[in-house]
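Heads up, there are several structures right after this.
Shared between the two complexes below is chain A, which has chain B as its partner in the first and chain C in the second.
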Partner chain A sequence: MLSYYFDLAIRSIKRTPFISALMIAALAAGVGMTVTMLSVYMQLSHDPAQSLSKQPYALQLQSHPASQGGSYGGAMRQLTYMDANAIQRQRNDGATVVMFKSSFAAISPNTEIDPQFVEGRVTTRDFFELFEPEFISGNVWSEQVDLEADFVAVITESLARSLYPGQEAVGQSITLNISEYRVIGVIKDFAPQPKYYDLNNSAFDNGESVFVPFSLTPIAEISNSGNTNGWRAEVINSYEDFINSEYHWIQVWKAFDSPSQRESFDRWMRGYIDEQREAGRFPNPDASYFLRTSEEWLEINGVVVDESRILVMISALFLVVCIINTIGLLLGKFLKSAPAIGTRRALGASQWQIFLQHIVEVSIIGFAGGLAGLVMASLVLSGLDRILSSGMGVSHLMLTQLHWSMWLWAPAIAIVSSVAAGLLPAWRICRMPPSLYLKIQ
Partner chain B sequence: MQIIPTLNTLRRNPSTTILLMLQAILTIAIVANLSALIVDRINDINIDSGINEEGLIVLDMYHFAEDFNGEMTLNRDIESLTQLPSISHVSATNQVPFSGSGSSGAYSIQPTSSDETTYVNAATYRADHYLAETLGLNISHGRSFTAEEVMTFDEAAEQASIPAVISGPLAEEAFGRINVVGEVMYMPETGDVPIEIIGVAETFMSPWPKWRGMSENSIWFARKPSNSNFKTLAIRTEGISYAEAQRLISETIYTNDRSRVIVGFENYEQMRDRQFDIDHALLFSLSLIIVLLIGVISLGSVGMAVFNVERRTKQIGTRRALGASKRSIVSLFCLESGVLLGVSLVLAVPVAMLLNVQLMNMISIDSMSVVYPLGVGLALIVVSLIGILYPALKASLVPPSVATRTL
Partner chain C sequence: MLKMIGINKVYKTDMIETHALKSFDLTVDRGEFVTITGPSGSGKTTFLNIAGLLEPFSGGSYYLNGHDMAGLSDNQLAKVRNEQIGFIFQGFNLIPDLSVYENVEVPLRYRGFKRAERKERIEEALAMVGLSARAKHLPAQLSGGQQQRVAIARAMAGRPAFLLADEPTGNLDSVMARQVMDMLEDINAKGTTIVMVTHDPDLARRSQRNVHIVDGQVSDYRQFVAGESTVEVENA
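== the complex of A and B ==
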C-alpha cells in the first residue's frame, strides 16, 4: 500500500515541479539555518572534559574583599601565586594542576633554524594525567621535579618537527628565551575546543606547544602571558615582588580518586583559609573556596556567547515561517487536486487512506528539504568559518564544524516540520465530500 | 465599494486568510528585529577609534636576550625606522586603541589614601611622546608631551606631579566636563602624588571596544620602554604597500637586534577587525536569514496567489459575465491583499515589540524603535501589491464564458 502511495506522491510532486521545488527550498532554508545555529550552539556548549577518565574541578579561592568584584560565580577566575603554590605543595589529596600561560622564544640547537615565538604552559606533572594529552615518545617529568625544579620540557609534535627536522626530539636541548631545557617528552598537538582548562584569553585557540615545570617559576622568573588581575594597588619592582603580590594569575585544577580524598582536601583547604585569614591576608571574613566541574566552569565563563543563543531562537522562528509558508502552498496544491481525490473517494478509498497518501507525499518533500538543509548548513558554516577563523587565528576551528548530532537533528527537524506542515492540508483534503467534485465532472 | 465582498471572501477561506496573516506578522516582526540588530552592530563595528587608521602598522615583538635593554633597543628602532623615507612616525607604546589586550587601572579625583575615594576605570597607555602624532590622535584641549617628560615609572613617582593626557569621555565621567586641562587626578599606585592633566583628546579609545564603562576611557602617561619581553611599535607609513612595509620593517628590526621574534605585523584595519569577528559572524547570519526569509515569503506568496486565482476561476468568470470590468477584477485582488496585509501590519507591531523585549533579555541591545516594524510592514505591503499584480492580471483575462461552461 505504502509503495503505491509513494508512487502517487512522486507523480504528484512531478506534476507541479515549480511548487514542489519551492516547498523543498523553503524547508531546506528553514532547516538549514536552524541546523547551522544549533550546531554552533552545541560546539560552544561542548565540554571536552566529558571524555576524560576523571572529572576535573576548577578551584576558585575567594580571598579578596567582598566589595572587589569576583564576577566569576562570586570569586575571581584565578589564584595568587602564594595560594596556588601552597596548594601545589600540599599535593596529598588527588591530582593537583597548578599552571599559567607564558610565551617564549624557542631556539633550536641547530643554528640554521630561526628562533620562533611559542605559547607555553608552566604547569605540574598532573596536567598530563588529568587533561590526557597523548604522548608520542618520552614521558612527563617525575613527581620529584614538581618539588625540586629541573630544566625539562614536554613539547608538541609540530614544534618538535620544526625545531629538530628529521630527528628524534626526546633528549635534545631546547633554549626557551635564555634558559636551556632538555626535551623529555613529545605529545600530539593539544588544543581542546573550548579550551576549558584556561578560558582567560580565548575559549578557542591553538593551545600551547611547550610545557615546563611550575616549580621553575621563581627560578627562571617566567612571566605570565595570560591575564593578571589585582584588587589593590601594589608596587612591583622585581619578580619576587610579583610572585609575593596579591595579584591573581594562576589557574588551579583538582581531581579526586575517592570521596574521602575530597573530604581530606576540604579539611586542609578550610584550615588553610582560616590560617591565612588570621594572618590578615584574606580581608573577607567569609573567605571560602569553590570546586567547579568543567561544565560549571564553561558556564561561569560564558563560553556560549549571547549571539549564539539569539541565533538559535531566530533561526527557529524563521523555520516556523517556512513551515507556515509550506502549509499555504500544500493547501493550495491539495485543494486543486480535489476533483481527482473525489474520484478516488467515490471508487472506495477511505478518508484515512487519502490522508495517509498525502502525508507520504509531504514526508518525501520533508526528507528532500532535510537533505538540502544539511548541504546548506555546511555551506553557511564554511562561510562562518571564513569570518571567524582568520580573526581568532585558529587553524582548525571546531566551532564552525558541523556537530555530529546534526546528522540526527537535521532529518528529525525536517520530517517533523514537513509533517507539521502537511497535517492541516491532508486533513482538509481527506474530509472533502466526494459528491461535490463528482458533480462538476 | 468592494470592501464587503472582499471581507466575505477572506472570511469564507479562514485557513488561507489566517496562514497569510500569520506569515506576514511573523515576517514583519522578525525582519524588523533583525534589521534593528544589524543597524546596532554596524554602528558598533564602525565606532570611531579617534585615530587616523590608514597607513598605520602595529608591530609586536618578543625579546629574549638576557641583557635586553628596552629603552636602548626601542630608541634605536625608532631612530632607524624613521630614517626610512616611507615612514613618518614611530612610537613605542604598550597598546593601541582596539588592540584587544593591554592594561587598565583605577583613577580618582580625590587622593587615594582616603577611604571614601571613588574610582573611574580607564585604559592605561604607557608610551613615548611620539604617540599622538604617530596615531594621528587629535589633542583637542591642552597639549601633548615633550621629550623631557618621558620617564620611567620610578622617576615619575618622584616628581611633584605626573603629567597625563586623557580621553574626553574619561574627563566627562570624572569631572563632568571635557576641558579639564590643569586639573589633577590620582591613582593608587602613586598614592597622593597628583596626576596633572596636560591635554584632552576628545576621542581616544581603549584597547577594548566592547568593555562597557571602559571602552572610551583612556589615560596616557609618557613612559620609557621597560625591559619586559613584549614590545609594541606603532608605525605610520606613507605611500608604501603592506608587503613592502613588512619587508623593510622586519629587515630593519632584525638588523638592529637579532635576539627577538616578530610576533605580529598587522595593518591597523586588520587588527581592528579582529575585535569584531563575532559581530561580523552575526551580521552574516542575520543578513542571510533576512534574504532567505524574503525569498521564501515572496515566492511562496506568488505561488499561493496563483492557486487562489486558479481556484476562483469560475467565480471570476461569473463576475465578468455579470459585467465586472477587467480593471475591477485586478483591483479586487489588490484590495483583498491590501486589507489582509494592513490588518497584519497593525497586529505585527505589538508582536515585533514583544520579540524585541525577548531579545533584550538575551543580549545587550537598546529597545527597538517602532519605526522598524512600520517601515518593514509598509515595504512588505508595497512589494506584495506589486507581486499580486501578475496573478491578478492573469485573473482579469478569464473570459466571462467560463462561468457558463460547467454549470
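== the complex of A and C ==
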C-alpha cells in the first residue's frame, strides 16, 4: 500500500502546486536555518583528536601570575622557546611535540615553476607520531635530527604535485626562503578541523604544507607567523634575543605510553619549575603546569562558544514556527480533499489507512523541504565562507563547510518536522465522519 | 440480509436534539430490491448512512448478514464496507484526479488484491457498464450518465452482496436515469441486494418493495410486482 500512498501523494502535490510549494519553502527555511547552525556547531564541537591512537595533551606553564596574562584556563596558551626547548630535550618521558607556525616562500629546483607562498610548521618528529598525518612516501626525520638539526622537510602531496609535477618528491631539494632543504617524506594533505594542535589565529584555517625540524629554529632563524605573547616588556634586537626572551610563541604537546611515564614527566616538570623559580625566571610563587586533553583544550580556547549553542536553539525555535505555519497550510490542503477522503472511507479505507496516506504525503513534502533546506544551508554557508575567508586571507574555512552529517540530518529533521506538522491535520481528516462530505462533492 | 430493530439516531448540539431515526425497524431479505422514499428531512439519508456503516447509531440493533454491527472497531467497519457493501451516490463521488480505471480500483486497493486480480475485476466491471474504452479518461471527461456508470462499476468491482444507492439518478436526465435503473435491475437480477433512496415514485415502482419514511419512522410498505401497480399496502 505504501507505493499506492506514494502515488496518491505525488498526485496531491501536483494538484496543489502553490500550497505544496509554500509548505516546502516554509520547511526549507526552517530546516535550512537549523542545518546551517547545526553544521557550524558540529564543526566547532568536533574533536579530531578523538580518533588518534594516543591521547595528546596540550601543555601549559603557569610561570607568572595569571593576572599578567593567563586567560586560557589560568595560564598562557603557548610557552617560551627556552621552556619548550628544555621540555623537548627531556626526551625520556613519552612523545613530545614542540612547534610553531611559520611561512615560507617555497621554490622548486625546476625554474619553470613559480615560487609559492606556503604555510609551514616547525616541529619535532613526534608531531607525526602523535597527530598521525598519513605518509604517502618517505618518512619523518630521525631523533638525531631533532637534537642536531638538518635541512630536511616533509611536504604535503598538494605541494609535491605543484613543485615536482610528474616526479617523485622524496629526494628532491626544496628552497624555503633562503635555505635549501631535502624532501624526505610526503604526507596526504593534513588539515584537521578544528586545528586543535594550534588554535592561534583561527581554529579553522588551512593546514600547513611543509614541516621542518624544530632543531633548525636558531640555525635558520625561522620566524614565527603565529601569535607571540608576552607578559613583560623586553628589548629584542636579534633573533637570539627573541628565542631567549620570555615571549610565548611555542606550542607544546605531550603523550604518554603509561601512567608511570606520566608520573616521571610530572616529577621532571616540578623539578624544572622549582629550578626556574629559584633562578628567578618564574615570578609566580605557585608556578605550575597543566596537561589538557584535546577536548579540554578546545573548551578552554572557546572553540565552542555558548553563542553557537544559543544560535542552534534559536534556529530550532524558528523551525518550530515554520512547522506551525505548515500545520495551518496542511489543514487547509487536507480539508479541501475531504470529499474524496469521505469517498475513500465509504469504499473501505480505515482511519489508519487515511492517516497513513496523509503522513506519506507530508513526508514527501518534508523530504523535498529537507533537500531545499540543504541547498539553502549550502548557499548561506558558501556566502559566509566568502565573507569570512576573504577577511582572514585564507582560501576557505572548514567552519563554513556543510558538515557531512547534515546530508543525513537535514532530510531526517525535515521529515520528522513535516510528520510532526502533519500529525494534527492527518488525524483531523481521518477522524472526520465520512458521511459528512459524501453529498458535497 | 439487513435487519434493523428499533434503531435510533439522535444528532445533538448544545441547544437542540434532533431525532433523525426513531425506533426504526426494517428487514431486507437477500436478493431484494428495496426503495426508500420520503420527504426531505424524513431520515432517508441517515438510514442509508447507518445501513452503510458510515455513521454510528444511537440505539437499537443492526444486523448485516446475521452479524451484529454494534461495537465494531473502525477497522472492522471499514472491512465490512469494503467487502460487503457497494455505494452509489447521487453526485457520483468519483475522485477527480484518478482515471476511470483508478477510480474503480480504489476499493480493490483497500482490499489488498494483487495487481492481476485488480485488473481482472476492473475490466469486468467496466465491461459490465459498457465503459471499457473509457478506462483512461478522467471523470471530468465523461458525461453525468457515464460517471454514474463508473460509480456503479466501482461499487460492483468488489462483488458486494449489498448495494446502497442514494438517489443514483437524481443528477441525470430521464434517458440516462433509465439506463442506470436498467443496470441496477440487471445487477439485482444477478443476486445483489439493493437498497435505493429515491424521490421519484416511478423509480420506486420499479423496485420490489418501497419503504416510505416520515419523521424518522417507517410510514408504510408497498409491495410491487413487476409490470403491475401497487398490489399491497401494509401500514407500518
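Just so it is clear, the second predicted complex is superposed on the first by the 277 of 441 C-alpha atoms of A that agree within 3 Å, B and C clash if a C-alpha of one lies under 4 Å from a C-alpha of the other, contacts with A are read in each partner's own complex, and residues count from 1 in each chain.
In the analysis below, a residue touches a chain if its C-beta (ideal position, glycine included) is under 8 Å from a C-beta of that chain, and two chains touch if they have at least 3 such contacts.
Just so it is clear, the model here is predicted, and its values are computed rather than measured.
K.L.:
Name the contact category of A:Trp352: first (chain B only), second (chain C only), both, or neither.
P.N.:
So A:Trp352 only meets chain C here.
K.L.:
If you stack the two complexes on chain A, which partner ends up touching A:Glu307: first (chain B), second (chain C), both, or neither?
P.N.:
Only chain B is touched by A:Glu307; chain C is not.
K.L.:
First (chain B), second (chain C), both or neither: which does A:Arg161 touch?
P.N.:
So A:Arg161 meets neither chain B nor chain C here.
K.L.:
Tell me which partner A:Phe117 touches in the superposition: chain B (first), chain C (second), both or neither.
P.N.:
Touch status of A:Phe117: first partner only.
K.L.:
Taking the superposition as given, does A:Arg281 touch the first partner, chain B, the second, chain C, both, or neither?
P.N.:
So A:Arg281 meets neither chain B nor chain C here.
K.L.:
If you stack the two complexes on chain A, which partner ends up touching A:Phe318: first (chain B), second (chain C), both, or neither?
P.N.:
In the superposition, A:Phe318 touches chain B alone.
K.L.:
With the two complexes superposed on chain A, say which partner A:Val380 touches: chain B (first), chain C (second), both, or neither.
P.N.:
Once the two structures are laid over each other on A, A:Val380 reaches chain B alone.
K.L.:
Could you figure out whether chain B or chain C reaches more residues of chain A?
P.N.:
B
K.L.:
Counting only touches as set out at the top, which of chain B and chain C does A:Tyr4 meet: first, second, both, neither?
P.N.:
Touch partner of A:Tyr4: chain C, not chain B.
K.L.:
Enumerate the residues of chain A that count as touching chain B in its complex and touching chain C in the other.
P.N.:
After superposing on chain A, chain A residues 440 contact both chain B and chain C.
K.L.:
Given the complex with chain B, which residues does chain A contribute to the contact?
P.N.:
Those in contact with chain B are residues 18-19, 22, 25-26, 29-30, 33, 36-37, 103-105, 107, 114-117, 177-178, 201, 223, 225, 232-235, 237, 305-307, 309-311, 313-315, 317-318, 320-322, 324-329, 331-333, 335-336, 380, 383-384, 387-388, 391-392, 424, 428, 440.
K.L.:
Flag every residue of chain C that touches chain A in the complex, lowest number first.
P.N.:
Contact set of chain C toward chain A: 45, 49, 52, 54-55, 74-75, 78-79, 81-83, 87, 89-98, 106-107, 109-112, 154, 158, 166.
K.L.:
Which residues of chain B touch chain A in their complex?
P.N.:
Touching chain A: residues 15-16, 19-20, 22-23, 26-27, 30, 33-34, 37, 62, 64-66, 101, 112, 154, 187-189, 228-230, 259-261, 263, 273-274, 277-278, 280-282, 284-286, 288-289, 292-293, 295-297, 299-300, 303-304, 306-308, 310-311, 355, 358-359, 362-364, 406 of chain B.
K.L.:
Would you pull the chain A residues touching chain C in the complex into a rising list?
P.N.:
1, 4, 11-12, 15, 339-340, 342-353, 433-435, 438-441
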